[in-house]
Each structure stands twice: as structure tokens, then as C-alpha cells.
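Chains here go by letter, A, B, C and D, matching the order in which they are written, and residues are numbered from 1 within each.
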Amino acid sequence: MALLVEKTTSGREYKVKDMSQADFGRLEIELAEVEMPGLMSCRTEFGPSQPFKGAKITGSLHMTIQTAVLIETLAALGAEVRWCSCNIFSTQDHAAAAIARDSAAVFAWKGETLQEYWWCTERALDWGPGGGPDLIVDDGGDATLLIHEGFKAEEEYEKTGKVPDPNSTDNAEFQIVLTIIRDGLKSDPKKYTRMKERLVGVSEETTTGVKRLYQMQANGTLLFPAINVNDSVTKSKFDNLYGCRHSLPDGLMRATDVMIAGKVGVVAGYGDVGKGCAAALKQAGARVIVTEIDPICALQALMEGLQVLTLEDVVSEADIFVTTTGNKDIIMVDHMRKMKNNAIVCNIGHFDNEIDMHGLETYPGVKRITIKPQTDRWVFPDTNSGIIVLAEGRLMNLGCATGHPSFVMSCSFTNQVIAQLELWNERKTGKYEKKVYVLPKHLDEKVAALHLGKLGAKLTKLSKDQADYISIPVEGPYKPPHYRY
Amino acid sequence: MALLVEKTTSGREYKVKDMSQADFGRLEIELAEVEMPGLMSCRTEFGPSQPFKGAKITGSLHMTIQTAVLIETLAALGAEVRWCSCNIFSTQDHAAAAIARDSAAVFAWKGETLQEYWWCTERALDWGPGGGPDLIVDDGGDATLLIHEGFKAEEEYEKTGKVPDPNSTDNAEFQIVLTIIRDGLKSDPKKYTRMKERLVGVSEETTTGVKRLYQMQANGTLLFPAINVNDSVTKSKFDNLYGCRHSLPDGLMRATDVMIAGKVGVVAGYGDVGKGCAAALKQAGARVIVTEIDPICALQALMEGLQVLTLEDVVSEADIFVTTTGNKDIIMVDHMRKMKNNAIVCNIGHFDNEIDMHGLETYPGVKRITIKPQTDRWVFPDTNSGIIVLAEGRLMNLGCATGHPSFVMSCSFTNQVIAQLELWNERKTGKYEKKVYVLPKHLDEKVAALHLGKLGAKLTKLSKDQADYISIPVEGPYKPPHYRY
Amino acid sequence: MALLVEKTTSGREYKVKDMSQADFGRLEIELAEVEMPGLMSCRTEFGPSQPFKGAKITGSLHMTIQTAVLIETLAALGAEVRWCSCNIFSTQDHAAAAIARDSAAVFAWKGETLQEYWWCTERALDWGPGGGPDLIVDDGGDATLLIHEGFKAEEEYEKTGKVPDPNSTDNAEFQIVLTIIRDGLKSDPKKYTRMKERLVGVSEETTTGVKRLYQMQANGTLLFPAINVNDSVTKSKFDNLYGCRHSLPDGLMRATDVMIAGKVGVVAGYGDVGKGCAAALKQAGARVIVTEIDPICALQALMEGLQVLTLEDVVSEADIFVTTTGNKDIIMVDHMRKMKNNAIVCNIGHFDNEIDMHGLETYPGVKRITIKPQTDRWVFPDTNSGIIVLAEGRLMNLGCATGHPSFVMSCSFTNQVIAQLELWNERKTGKYEKKVYVLPKHLDEKVAALHLGKLGAKLTKLSKDQADYISIPVEGPYKPPHYRY
Amino acid sequence: MALLVEKTTSGREYKVKDMSQADFGRLEIELAEVEMPGLMSCRTEFGPSQPFKGAKITGSLHMTIQTAVLIETLAALGAEVRWCSCNIFSTQDHAAAAIARDSAAVFAWKGETLQEYWWCTERALDWGPGGGPDLIVDDGGDATLLIHEGFKAEEEYEKTGKVPDPNSTDNAEFQIVLTIIRDGLKSDPKKYTRMKERLVGVSEETTTGVKRLYQMQANGTLLFPAINVNDSVTKSKFDNLYGCRHSLPDGLMRATDVMIAGKVGVVAGYGDVGKGCAAALKQAGARVIVTEIDPICALQALMEGLQVLTLEDVVSEADIFVTTTGNKDIIMVDHMRKMKNNAIVCNIGHFDNEIDMHGLETYPGVKRITIKPQTDRWVFPDTNSGIIVLAEGRLMNLGCATGHPSFVMSCSFTNQVIAQLELWNERKTGKYEKKVYVLPKHLDEKVAALHLGKLGAKLTKLSKDQADYISIPVEGPYKPPHYRY
């Protein structure tokens, strides 16, 4: 692997697929801006005061058109930005090109190898001699993970001189992480230590990444403050739910053109993502079966007319399988062998371990026929019957389509901007310790409010008398913290 | 008013409309039992050990068929029970008769006056010389209110000899409460004091009642422990949402037979109740417009294709108006005057102050034409155009139909039983202080689990490995406390 | 049976349940008028010219509030009217009372025996010495049937002196028909002959009744012209579909209060009625399974995400069974024995032979427990498990609720009025032979147009240029005759 | 224009974009075959007897993957085939390449100019010296049009020596047609005459093309028999409805990535196509407004909760506009000027004259910004606000996505195969005159039946007794001809 960083005429580093797509990317960014009122409002409200002046922000988040609007919002508020994608298939190359040319250092392309992926992550975190980053925008927690693992290795190395051993794990991806850290240790044994000392904090936006943060908080190993953006209502109840309701069928259609009506769809997991997926399939005319471990979510599915069964019950009858659990080992190769010919198997959870790709790839005699990028038919030798796997088991909405649409990402990303501002503004006050925080409800409500006008909505105003009657301020927040929406 | 308590042959007190309906009530109770697996499971699991042995439970909760199954579950676990309804129109007289005859002391009938209502509440709280109640099952908090107001008056009376003055308020209903307390003070100036001292706690199941409890907790005036059953997921996200989705159209149809398809429906408030109502109207083919004060709920409505406007914007174009806010003064007489002829106005929130009935009743020249009980046409003199008001502005699903169906009430009431058990079992441990508590998540999940079998659902089991991967116990609870479902 | 005809002070005959309900009926009729713009427009447009002056109209059609508005529309246009219901459970007694008191001769009450039913039909057809009727409004074809059977018997009697033998059939209901005819033959052996000679025609509004008419046309036995109102688009695609979508859940709720969400519903037949029923159950949160004989309708069901199986496949797993086929022997007693405890079995097709009530009633040891009128639990001795049968297997939406709502019935009944006008106006032109006709499309479109304003709709106008481009008149009709909507 | 026909090694003619995509096309064809059970059944049932032996079939129908399966089915039954697309944007280049390489003479590529389009049509009709075609498969009627116009010109030329004058019309496309005919006249003045004499018939599958045929039948100018495949239930009620429900959002997403939820969508026309489009938008969370000229369709829209207004009422508030009328001049440039910035304007009706592209293109100062192929932003100079037009006003689902999915096209195309077989088998019997026919219902039902197994459906069988009761054969057809489904 000899990946070379390139530079723009202005000297900014980047590595993208094709710089000639920058104009196309710019046009789509301009369209997206109209759909992202929350981010554009941030530019209007905060742009003039340049609150991020001096801040170096590293982002590890799907390098899409919507993310481009986020990046340029951070830049418009004064930040310097370096970026990588958080998934090997999720980059939109025209978006990456436009940003690389115009606004920030980008290291991302669609179809990275895992080694390239971690190289990109490392590049995004490397601010050179001046040091940095000050802030991290994370999605899934890989940037955060690399720093934590790097710092751990540096501590160990300082104490014992030992370097990480990639062979200590059989997780192929983690081997790469350890290799990168090991290789860097000799040239600079304090790189991650300096980073964690400088870091003001991270804002993280996925269920999966947040879970990692809470575990680190529980273990006492969290190295810097974190804001859990995922659990803003305007994130998890919007992007996860309505975003997936939009992008699951989009991915299915672009990848396979299959008619959804009349089919049997199985949705593994009925959390926010699963609810969006099940709704999408049902609305498109499929019959939907849900698998769940949680009796409450299962009962919700039943109340919507969905059947709740186990994967084993339905594996040989269903046409479309979607994993949304955030857990591992959901669809195993033994399940896949029992499926109907050309059953579609895909994942819309953050990580790719929901589907047993390893089991599939190593199944004796299995044959992989690539229909087109991110759409593979795998044929089992015994049955001569095939299944269609999308995006190699990774996030199918980003791998096979363009991810969530701009409007809902504007909600998520406005939370990110607000979280980043909060961390940066409070960097000297000690307000945030090495813990995980959620944004206060009035900011959550503000994010929503910024998105109403675009849709022509008019809010009702509480009278003082009414507000007193239900004991809330006229201007909100309108709900107690535990309210579930 | 000369209401006389009657007695069964066994000597149990009651006051119901028509004891001859007891057989009919019993038949419907038997049907309901089949639909209420949670309650029936409680009987199976806890019945043999008679955990409520010695407990005197007063309930103030719509005296319906479903409540009958709750009451007989409490009785089956060993409790002695006295009951009143928490709404003047919500009693089902055959249910009341069956319970009065067979199981508990009941004071309730459909169409009580407000004075009768509070008389019933007082009766349900009056356990005679032996004292009681030990526990309260509350809905809307009226039983709790009476004790708190009673105790306050007794304190004042002891200190200063002053009795409450009904004329100190112009709330007609509160005047009645004060009158009752005043009249009782002389004969027994320590009645409520003894009550509050004996009381182990209350479990409360509505948004509205819970709000009152939190306010008392905040003010430091809460007199005994309270369990907020409303905020169990299996209560507020089920009964409020799916219950109303069922019972709103039921009430509309029974009261007016109006075709919902093609109509314009306005739902004031898009909380759980509002979500259920809006879904019901939309599914029935109405065009739905939501009014909201909370931008987050407003944005949720928009994502479902509902329009969000103010009442003023649509008052003269809509056909059906439903209030679900839990706030007061939502639809005022000035709104009603501008409505289309025969627009339907109804409330499904707990209290009847969402609709300005007082303004309507006192509007000069207004004419009330009772189509049938709980369905009135009010004609304005200036336009000669009328509106149809359901259940006199009170809970229309209970006033005009039979409330939520058994299955979803089984979820709510199983929470009630579990909460009552928890309070009673811990009565001597000091676990519960004079605060408001919610049930722990594993009990919430248990309630859901008890309802899956009836619907033919099969849960997936986590492997130990998977459970460890997402850091939860194999047996749950499966979600963090803040999870929103 | 000694049924006595009563008379109003004005001398008009009637037989209803309770004349004291007339005021209540009047109030509901007034509400319904606001919801029936088509009929009210007919009064405005045609009332002044009294086109039905001299016409005697007999109707055999569910004596509901909506029908009351139809009757009074016919009367407002100059007709004299006699009426009976076409189903033993479908009369609304307050509607019957109001009409009997104010507008027409009515013979109908809720809960007739079959003998009473046919007595009523005979009364409605008996215009006394002056003769009549001139026109028939029919629903299901029972009035038409009686005349055809009567005439057949009279022919036979004249030729051979033979009278009909009720024992020649084992259809219990048809025995009654033959008895009535036989008993009348002696006193007046030309009654039906005179009737058929005078009759200008019939307009029939159900799929079932229309099928009978086409069979008679095919056999050459049709005695007078018939207009098939059922196949007006504004009838079968509205009343059958949207009416049942409304009234199926209404009937289920009123009869059983059962929660529909989460249940498995089986809809036998996926025609217009079945489509409405399946949509209603699905929207309410049930999982719906369709049974069909017709592959096209089956494929439609699949495209809506419904499962298509046979009754045998699902009989022991479903919770709610609805027959909509217009065929007989759909749910047999052997099916019912295999159902879950308290499974609900009901029919919304015109005749009661879709459910094997005879098999159920005569099943050895079966026990019938009447929960309330039209809601029976039948318990099988072997399993001690019961099923709930609605309206004794007859039209459950009329037996257990109030039938279709006014607005959609306004469409159907405006077609009836127009058909009656057409028959009457052309009575001397020979335009209509002894055949079955449908209304021309421009009248069908007119019916629809009369209902748009009430719902706030605005039509787009074709330009002349556009109309020419698609070769239709600017004013319509807009579609070719075979268009399916 | 110098378009050159190319030849495969086997000597078959073609002109496609890129032969190297043939392998990719083949893979997708294989996937589609699994989704097209109707066509595959035809191969199984009829393939062995080679019924099309000797038949030369020309098709003018979107050259997609699904059409490829149709073409290869015709070939598998013995036909020789030449093909062109019936829309300049609808060809899928990989499908065209695979067919050109493997199965038939193809003249089609995505993004033809209008001149190229008609060149392709001419090529597809030109079977060389041996003559042909024998049969035409048409979509929109352009192949049929060319023959009819060509024959008309040849008649005129023979009589008067006059050649067509392209300047006699100002329809730009028709000028091209006339030019082609004129240019061919001299070299071969009997080409179309020979064609029409040889032609056995055409099967046509769109509403638009069928309308043309009925007009020609009415005028007496139809030159050969035609089967109207569009009005098979399994065509117009499936492909038009469920196909568009699938492919409208697909096209919107691929072209713009816009979030549909929360938006206001306007659907012009509520026929089968409009119903599918409106359903799709509503299900995706948009608020949908319908414009209609036909009161019946308008009332249907209202019953589904859709608002019915005129375009003028909503032009400045809506976000997405879709034309489905089959009429012209629906959205004019003056409408477009009033739209919101970035409103999306698209057409899913057959022809591109629903949207006033000419008015837009020639609007003074208007600026066209091509975001990507088939997605253009048009900016008006006065407002500096832009609208987004998809596929240059042509069929957006084929221009921006891949058209209808395979399963539903299998229904449509099985009708085509059956129609072609019928025409060919009866070519000598005189069964078909120069008129327009629809397929008999039993064939329509057969098409449906062939598609049930794939979706796991099981039909119920009528008993003889039941069949007799409703007077239909046990094996169907199950419905009268006028039945509307």
C-alpha cells in the first residue's frame, strides 16, 4: 500500500477518488443546502461571530453531500477541518471532491479497503506539527477508538517497551488498527498522548458509538468529554427512524430493482432503525416479520400488525432480510444456506458484523458473482441457489444508495454543530468532565424548531396561563427529560 | 341529594345504577379475561400466595369491564377493594353491577352529577371504623387530591379552627370538593390525617395525574409514596397510543355515525394520545391537521404527512376537532362559533377543561339539543349553525364508547398490579419515600412479555456472547433507562 | 303470529317497534341530511317539479337513518312510499318510527323473525285496492323475488290449480315465502300478476341482488325493467368499499369491544367489500389474511402486503373471521370447531348463508350464550372452547352497528333516486325493456360531483383544447365505459 | 446525423451504446427472470411447440432489463425479433447490449435525440428484403403511428405525387416523422403499404397508445387488428398502479435524493398511475394534493384522505409536482415561475407534453443547470429561484430510475406474449378484424394465476355447488366483463 496524500493549489491535503467530480459535487451541495435549514440557520446565527476561530476539528463520518454541508457549516463558523469517512462504502466521491477542493482536508473514497480506511482515519487525525485536533465529530466511534487504543499502546510502550501485537486478535480489522499503532509508535511514541491531552471533546452520533462511550465511561477509561448526539430526540427519533424509512427502499431499489410489494421482508430488530425499515417495507406492500429480543419492542411491532417470529421460523420463506440490531451474528451462513433463491440479505446497522460475511466467504465451494459494485450474488454449491448480499454486509443505504436524505440529516448535523459549539465554548470552564453528556432539551427543541418553517408548519403558542397550568415555561422546554416522544 | 348506600346480602356496600345488569356484566368480564393475559398471569403467579392479604385498596378509576378484571385480580391476590369511577360518564353500569354483586364495594354509575361523583369518591375512601385504605389505585389523581385537600383543611382547622370556604374558588367542581371536606370536618376532624398516616402509597396511571404528583413532590407536599405507572413504557406508549387509536373512532362512530373518510380532522396535541388519534383519523381516510406547541412533536407530525397549523388557521374548515393536550382552554367558545355546521368537537384528554364548555353553555342565546346521551348539538343564535359536542367535553372514548379495549388495558393494569404489589411488599422496608417512582425496566419488560403469547409472537433469545457484546444481561433489561422506544 | 298493522292519525299504515322514538329518529335524520349532499341536491333540483307525482314506490332496504333521508327525498319529489327492511336486524327503530310518523308507511323493526320479515315485505308491497307499486327500490332483491315467485305460482295455479308446497324445499326461509304466496293465492289469485303488469321497474343496489337480476334476464324470466345501481361506480366502488371500511370495525367494536391491533384477521373474499374490510383491519393494526378464488383479486391482495391462504391453513390461528364473498358455505361448523377460544366470526355479505349457522345451531351439545343482542358465544362441548358469532351470521355492520355512514350512502342513494326518476320518466317511451341496465356514465359522474363540495374539493376544468386532445367532451363523461377506476 | 448500423459476428444488426456492458446486462437479466414467473411459464408451456416459428416481431418498447426477458421469451417461442425503445431516455444500455449480443436486433440507447429515436424506430421496422414485420409489440403507439403515417403518405404520393411537408406542423417531433417518411418515399414508395398488408396485428400496452387505436378504429383508419393489452386487469390495475407506486419514489430518490417525508406533493390526475403515485408519496410521509377533472376519481382521492384542489391553488406551496394525466399542457411555464425554489417537477405519463418544456426552454433569460443527466435545475431570471425538472419532462421513472420492477412487468408482458400468440395463431381464421380487442377474462385470470406461486399464495377452490350458486364455472372466469376490481 503506497497511498500518497495530494495537495490543492492552496496547499491543503487530500486523497479522494476523482477531483474532476468537484463541480458535480458542488451542484448537489447547493441543492442540499436548501434542504438543510438547521445547518443554514447555524451559519446565519453564528457565522458572524466565528465561534470556532482557532478550532481544529477532525471528523470521521460518512463523506456524503449532507456531510459536506456540515463540514462547510463548521468552516463557516471559523473551524479548520480534516475529514474521513466512517465506512468503506459510504463516501460519495463527488462530495469528497468538492470539499477537498473548496473547504477541508478530505481522505475518503467509495470502496476503500480496510487498510485504506484506517489510513484515511489516521490522516484525518494528523494535524501535523502544530498539533490537533481540538474536537472530534464521530460516527461509530472509530476516530475515538483509534486515539484510545493509541494512547493505551503508548502508555504500555512507555512502561514496558512492548508494542501492540496484531496477532493478539483474530478480528481482521482490529489487526489493522494495531498494526497502524505499532508502526507509528517508533517514530512518535507520544502522538496519541498529545492528542488526548489537547482534545476538548468528541460528539458522537450513532447508537453503536454511544454504547462504546458509555462503556468507557463505566470503565473509567474515557479520555475526554463526549456529547451523545445520538440520544437527542431530533437525532435518534428522526434520522434513525425517518432516515431509514427513506433510505432502505432507496438502497434496495438501486441495488436490485426488486419489487417490494408482495414480498416477505424480515427486519431483525425493532428499535428506531428497525421501525423505520419495517414501516418502509410495509408501506411498499411487503408483508413484514420482525425478530426481536426485547418484549416491549416486540409488542410495539405487533400493535402495528407485524408478525414477530424468530429468524429460524421464517428463513426459508422470506424474500428480503434486513439487520438493524447493532448486535453481531444475526444472520449466519447457515441461515443463508436455507434461504430462497435470490433472497436479498442486507444490513443497515452501523457495523458489518450483523451478517456473517466471514462464514459466507469461507463457505466451501461458494461462488461470488458481482452483479455490480455492492451487489453480489453468492451461490451455494449444494443447492445451486443464490442469495444477493448488498454492500458486502455493510450499511446498505450508504453502500448502495446515498444514505439518509438531506432534510433529516440536517436535524442530526445541527445537533452535531451545537454539540461542537458547546464543547468548544465551555472548554475552559470545566463544565464537561470525562463523561458522556446529552444536549439539554431546549437545544433539542431548537433543532426541531429550525426545521419547521421549511415544511410550512405553524406552532401554537402557549399562553402564560396555560404554561402555568402545566408548570412549564412559555418558551419551553415543553417536556420532562424522560419523555419518550 | 340523598344518596343511599345499599348493601349486598353479604353486607358489602355499593351504589350502582342497576343490579340486574350484573349477569350481563359477568359475561363481558369473562370475555375480557381472555383478552387480558397480563392480569390473568398475575392471578396465576401471585394468587396462591395471597400477597395482598390484609390490604385495603381504594380505586378511583373508570369503572369499566376492563377495570372489573383489574379489581378481581386485586381481590384474587387477597385484597379487599372499594371503588369509584374517575369520570362522571365512564362507568359501564353492567360492569359496576357485576363487581358490586360479586367482588368489591362499588360506587359508580354512568352519568353522575359532579356532586354524586365526589360523593362516590368519598365513599370509596371510607373504610369505616377499621380504617383504610392502605393503598390507592388512582387515575387522574382525584382520590389523591381529596386526601391532600382534606388533610390540608384538617391541619388548618386544628391550628386556626377555620373551615374551607367553597366560595374561595370559582371552579365549580372544586367548590364541591371543599364543601365535602368542610361538611366532614365537624363530625371527624382527623379523617384524612388518619388516612394519610396509614397510606402505604398510590399508583397513578395518567399523564395528568402524574403531573400533579410531580408538582406535589416538587413542593414537598406529597403525603405518601407514589408510583408513576403512566411512564411505564407498557402504559403510556401502549394504552395512550394504541388505546386511543382504537377508541377515538369508536367513540366518534357510536356518538355520531359520521363518515370519517374525506373529512378534515384537527388533533390538538401530538403526544402519545394525539399520535394515536391522528393515526386513527388518517387511517380512516380523513385529512389530519395537528396543532402543537412543542417543535419536536410538530416535526414528528410533519414526518407522518400531517399538516401542522394553529387552530385559528383551520377552525372554519375542519369537520372533527379532538383535544388531547392535557392543558386547558384549547377550544374556546369563540372558536366554536366559527366552525362549520355540525362540526364535531370532542376531548380525549383526562380533564374536561380542554374545551370551553362553560363559555359554550353561557353563550347568549345558545340552544342545546340532546341527540342522545353524551351527544349534544349546540346551535348558535347568530348563525343558526350548530356544533356537536361529545360527552359534554369529557373523555369521549369513555363517555360515548367503552374506552380502551381489554388487551391494551391489560398492559396498563398489569403495571398497576405490579406497582401495588411493590408498594405493599416494601411497606415496611422504607424503600419508598414520599416521592414519585417509576417501575424498574425489567418489570416493564415483564408486562410486555406477558402479552406476547396471546398474539402468537415468538421472541428471539440473545446468546451469552451477543449479550456480552452489547453489555446487557441475557435476560434483560434490554435498554438503557432513557431509551425512548 | 298475529301482526297487526297500525295507523297514524293521518291514516297511514305502519308497524314499528316504538313510536316514541320518532323524535330521536328525527334528530338523527336531520344530522344525516347534512352528510347527504347528493340527496339534498336532488330535493333542491327536482323537488319543485314533483316528478314522482302519482308514483307509488315500495322499498325493501335496510330501514336506517340514511334510508330515511332517501325515503323523504322520494317523498319530496312527489312519491308515495311504503317500506320494509331487507334484513331482520338492520332496522334502526328510531328511524323507522320517525318515518312512520312523518313520511311513509313503514313495516320494520330490529330483530324480526323470518316470518315477520316476509310479512313486512308483503305489507310494503300491498298498496290496497288502488294497486301498486309502480316502482321498487330493492336491496338484495327480496321484493323482486316475492313478486316473481308470486307470479309464477299464480300462473301455475291458473293453469293447473296447484298451489306452492312449502315442503318442496328445505330452505327454511324459502318455505316461508312459499307459505305466504300459497296463503294469499286463494283470496286473490291475481295479486302478483297485477303487480308485475303495473310495475315500471326496479332499481337494485347490491351485488347479490344484481346477480339474481342478470340470471333472470339470462333465463328470460325477468318481469319488468331493472336498473343495476350496484354497478354505478359511485355505488360499488364507494359504498361497498369505503362503507365497509368504516362499518366493519364499527360493528366489531360495538359487538365485542375487542382490540383489533395485534390480532390476525381473515377476510374471505377480496372484492369491493373484502377490500374495504381488509383495509380496515390492516389500518387498525391487525395482520390480515385473505382467502380468494379469483387469481386477479388474490394478486391485488398480495400487492397490498396481505397474505393469501385458504381458510383451512389459518382456521386455528386467526382471531377474527369476516365473510364477504356473496357465496355460500364459506365458514362451516367444522371450521368453527377448530378455531381459537373466542374467535370472532361474522359476515358482511348480503345473505346469511356464508356462515354455516345451521350446522352450528344443530351441532350436538353446542351451547349458545347470548352476551347481548346480536352477540352470541357458542361453546362446543368437546373443547369447552367458544366462538363469538355476530348478528347470527347476518350483515354484522347493520346488525351490530348502524351500517354505512350517511355520506357514502348518499352516493348510493342518489343513484337510486336517479334510477327511479329515469324509470319513471321513461315509463311510456319504451326505452327500458325487461332487461337489466346500468346508469349512463354522465349520471354516475354527476352523483360524484354532488358530493365534492361538502368535502371542500375543487375540480380542475379541461380546456377545449385539452378535451379535444383526449377526444372527450369538456363536460364529460371523462372515461370510457370499461374504465375500472 | 450519420448513424451506422453495426453487426454481431453472427450478422445480426444493432446499434447500442456500449457492447461491453452485455455481461452486466446478462447478469441482471438472469436476476429478472426469477422475478418474472409469468414470462418464464410461457417459455415452459409454449417453448417446446415453437408457436412463433416464422414470425417476425418488431417491438417499440422501453429497452430495459424486463423487456429483455420479454424479447427472449418471444425468441424462445420461435420468433425473430427487432427492437427499439419508445422513449429517448428509457433504454438501459446494459440490457440493450445483452440482447443485441445474444438474442435480437436492437436499436436503442439512453439519451437518444429525437432524430435518433425515429431512426431507431425505422430500423426496428425494417426487416430488409424478406419483408416484415408480422407482428408489432407497441408501447405508446409510435411504431403503429409511423406505419399509419407512412401508408397515408404513400397513398397520397401515389395519387397526387405530393410528399409530406414537415413544415406543415409546428410539432417538432412530428416534423421529424414527416421528414423520415418523405426521405424514404423516393427510394421505396410502397414500404409502409407492404408492411400494413403483411401485418397480422399489434398489441399495445399503454393508456395513451390504446386511446390512439380506439380513435383510429372510430375513424375507420386502423390498418390492422390490435389487441389492447393495457386494459387487461393484470396490466392497467397492476403495472400502472403498483408499478408507479414503486418507481415514482425510486425516480425521485435517484434523481434528487430529496426527503419525501414532510413535503407537499401534487399529483395531477388520479387514474391508475396517479393512484399509484399518490399512494407512494403519502406512504413516504408527504402530504398529497390531487388535481382532477373527473368527479369520480376526485371523490376516490378524498376517500383516501387526499386533498383535491386545482394546480393554481397550490402551485406556490408544493414541493413535488407529478403529472400522470395522459393529457397535455398540465404544468405550464407560468405555473413553474410561481413555484418554490427547488420545487421538483416531473412527469410519469407516457408523453412529454404534460409539462410545458417548450415554454420553459424559451422563457426569456431562463438558465439551465444540469446537475446530472436527467436532472436539471432551471433558474428564472426574475426571481433567481429555480425548479428541478426530471428527465426533461419525459417519463421520470424510466429516465431517472429503471422503470417498473420485474415482477409487475411480468404481468404486463405475459399479457403481451399471450396477445401476440393470439394474433399469430388466429392470423388465418379471420377472428380478428381491423379493430381493437381486449383479451378474454380467462386469459387475464391466467396471467394473475401465474404470478401467485412466487409470492407464496394459495387460492381457494370453489366447490361445484358454490360455483352453481353464483352461476360461474368452477375454473372461472370468476367475474363479469364489467367488473372493476
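Keep in mind that, in the parts below, contacts are C-beta pairs under 8 Å (C-beta built on N, C-alpha and C of every residue); 3 or more make two chains touch, one makes a residue touch a chain.
None of these values were measured; they are calculated from a predicted model.
Chains making contact with subunit A as well as with subunit B: C, D.
Simply put, of C-D and A-C, more C-beta pairs touch at C-D.
Among the other chains, B has the CA centre that is most remote from the centre of subunit D. Look at where the CA atoms of subunit A average out and do the same for subunit C: the two points lie 58 Å apart. Subunit C and subunit D, compared by their mean Cα positions, are separated by 42 Å. Within subunit D, residues 242, 261-262, 285, 299, 302-303, 307, 455-456 each touch two or more of the remaining chains.
Interface residues of subunit A facing subunit D in the complex, by the touch rule stated above, are 24, 27-28, 31-32, 34-35, 65, 242, 245-246, 249-250, 253-254, 256-264, 283-285, 317, 341-342, 369, 371-372, 377, 388, 401-402, 404-408, 455-456. Across the complex, subunit B meets subunit A through its residues 211, 214-215, 231, 233-234, 236-238, 242, 272, 291-303, 307-311, 313, 326-329, 411, 438, 444-446, 448-449, 451-452, 455-463, 465-466, 469-471, 476, 478-482, 484-485.
If you check the complex, the residues on subunit D that touch subunit B are 261-262, 282, 285-288, 299, 302-307.
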